[in-house]
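Worksheet for the structure shown next.
Order as written gives the chain letters A, B, C and D; numbering starts at 1 within each chain.
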């Protein structure tokens, strides 16, 4: 059986909400695909598009940015600013032929363990359909 | 030096013959930019071109070049690489070929640069004379001609329905010997046609740069306010250094993943402040004035002092593509007339 | 037609003020259809100033390039103003810099010139190749009059102007202290026609197009250094610790550089076209900027470089910003 | 195949000695080449430098601070300032680094035989001088009177403390240490190095002065040396520039047409005066 393509997804999860949501999903033994590699950031506003592009360069097939629901941000405005940034970045990627569905964003509060698992499942399936990210992967051909 | 003739419809066959035995680079067109790329068939080469924006020096001093591989970290070790690239550059202009000869001085001396020098020896230069020099060409200011065969192995000159071929080196000889069926000995009239074309091309070059004992003149005006006026309009973009066939400054960087890596050499520009920025924050060349002046002095004063040749071949690329029209012909000529 | 005498008098009057260090404008270039930036430190330098369709540079890059040398003990910093001659599009760059607090309004004297379109150097050199000595280009309503060795050629404007002039909505400077000539109302509308046609292509076609372009990039960063809005002290690509973008020139790093440059101008680029003009390898950089400009207008009704009091796009938010892409 | 000057030889870190702690720590690394053949023919003269590289991080140009009279190893003193030096400071004994060199010109040890030597060092500037001091002390009878003037911000910032203690015990070497700010328990000179130099007042007759340290210190030391009657070809110093290749090819460390990595780093004040160019 042709072994399935296992996408490699980097998750920037905000420390106060989505990281805690992921933690809750774990402690309540909810099953979800293991393709997400989590990097904890203090706020979704901390995610610089250079992180996203660098991740796509180094072999990530997708990037998920998790933040608090609008209004819950520990720093009040971090998630709002991130929302604009990622929207603009997705438009830019789309224009150069890189499927914007590779960069996803989600609001997950600390109590939404189930939602977190759902989101990871959905994102993993989407990116599995998109296939490996070959566009501008670092070849390290030396 | 044997003189031959090759007809215009034999040339593509000769190039295809070359491609069978060598990796051949020639000017290719990519939208409206001309650069030197590897060709698989003769018709990919574009021979009616003025000159490439990206200099053919990039085939010898690559813009990105691996020096050696290593396993990174405090427990790492080194794995050298073999340098054995052999290639033929077809259609190089005489001024670009001369720039490679000028770079030879920088890369030999008491420390020999194996990467540059090995590639230089393994490369055969087949030059193409300029029948129609560009607006900003001024190779004649360095008593060179748009059809000089001094720095190439073989020089082709378009004399109407055939090419006048001058083979100057033994590297060139065994290329023409290998494909001798395309070449016929040249007649007297061909030689005359070539000199006429050369004379006509030289007349088309209207811009000249006055450089007699420019090094001594520059010695006296280093602190002159002339350099502030010249560099005021510079935006420090570095295009002039990236396109210059005689610029050879480079940066050494380590690139690695967790398990493997390599030390690479990349082109660098003295127009970038980080080029001379000390770790302590001190920068000996902090302002554009220092940097613009350094670029001119490096070519017209420091290089003549170290290797007694002016490090400029008059290709005009830095004039064509400078966004603020800092014109090296105008700058150097008026620098010569500045009263200390 | 711009009255150069009026411009020279205005510049001379400005340079005479003792609170002005210099005025930067345009003067005749050294060959062909070239103009070059000219710095008037003394009143008589103003005689060199010209304005004609060959004045394509965006001079608002110079106030930001002004170096502040370290001061000797007890030396006062030079707080004199800088004069800048700007066309319609150039003035928007100054407004955007003011909006981002990169420059104080009283630090710069703006001499505005209503502009009816400039030439695109690549197009005019293609049409009149081999032009060594200076050629004069005059603006005449809907076409340019190009006089070469005494012979005048009348050329349709659309044939020689860059794309930005074809859809220019701001011929008159948005902000100025002195205006040369009378204001011009714009009859044109920016319709992002090229962006919309490109958007209809398939993902594969788009990437094949951009892959071919990014492979040509030689990372000389001329696009960054010539852009009036790229004035960061240390650019992200020069950082070594951590090194986000490597210095080697290959498709991966070139794509990263071009994407990040376009992103960092989102909601800031005012479309003056300098990046595309100075690129030695001819990359169509304005296409990326125009795409983001269109989307930002649609998503957030935000236009860069119009109102100096407005807050920058990515430094503010509205609670009802679109978020259909968020799970 | 042509010998490749860019490829370093591997060396193990034998021993790391922390000279100075605090915000800008200095450590001295004792490096031994893995390949015995290289140890034998790596011959250098005090003042020369070596390019030390940590694979994956980068390279730095350091003055070799040990003397060639000490066989089998070389030492470099590294102040923690940038990316590579920070990584070097995290090494432990037994780790591997790359070393290539020796590069640059050197102190004219043979020409200065029989002369009085005055060393004026400041902070990390002591590294190249230490190499020369050890060499001169090992061949003590070849040289005349020796004065060592060294200063640092505080007593904790003094590097090579044990060696200075050794040198102070010797009769034939005069050591004049100084710190910038008064501290209790410090009986020697308090003040800047140039002022300490004026207090020591060495005589310029048949003597050579060598100074290394921060540019501001070198500037005032040279002024005071000239006040004491030293001529410009009796004063030597080493210069620092950003360096990448170390062999005069990459073009960035030039002062005028000279490359500091190849034609320097040791320059006489006479040479410095008549080459213009930013330094």
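In this text, contacts are C-beta pairs under 8 Å (C-beta built on N, C-alpha and C of every residue); 3 or more make two chains touch, one makes a residue touch a chain.
Quick caveat: nothing in here was measured; it's all calculated off a predicted structure.
Any chain touching chain A that also touches chain B appears here: C. Note on connectivity: the fewest chain-to-chain touch steps from chain A to chain D number 2. The most distant chain from chain B, with centres taken as the mean of CA atoms, is A. Spacing of chain B relative to chain C, judged by their CA centroids, is 31 angstrom.
Centre to centre, using the average C-alpha position, chain C and chain D are separated by 50 Å.
Chain A and chain C have Cα centroids lying 36 Å from one another. Centre-to-centre spacing of chain B and chain D amounts to 40 Å, using the average Cα coordinate of each chain.
Touching of two or more other chains is recorded for residues 250 of chain C.
Across the assembly, chain A contributes no residue that touches 2 or more other chains. Each of residues 251, 253, 255, 261, 264 in chain B touches at least two other chains.
Residues 140, 142 of chain A are the ones that touch chain B when the two sit in their complex. On the side of chain B, the complex with chain A involves touching residues 66, 69, 255, 257, 260-262, 264.
Those residues of chain C whose C-beta lies close enough to touch chain B in the complex are 24, 29-32, 34-39, 57, 61-62, 65, 67, 69, 122, 130-133, 212, 216, 218, 220-222, 225-226, 238, 246-250, 274, 277-278, 280-282. Against chain C, the residues of chain A that register as touching in their complex are 49-50, 53-54, 57, 70, 77, 80-81, 83-93, 95-100, 104-107, 119, 122-123, 135-139.
Here chain C touches chain A in the complex through residues 195, 198-199, 203-211, 214, 236, 244-245, 250-253, 255-256, 259-260, 262-263, 266-267, 287-288, 291-292, 295-296, 299-300, 313-315, 317, 319, 321-323, 325-327, going by the rule given at the top.
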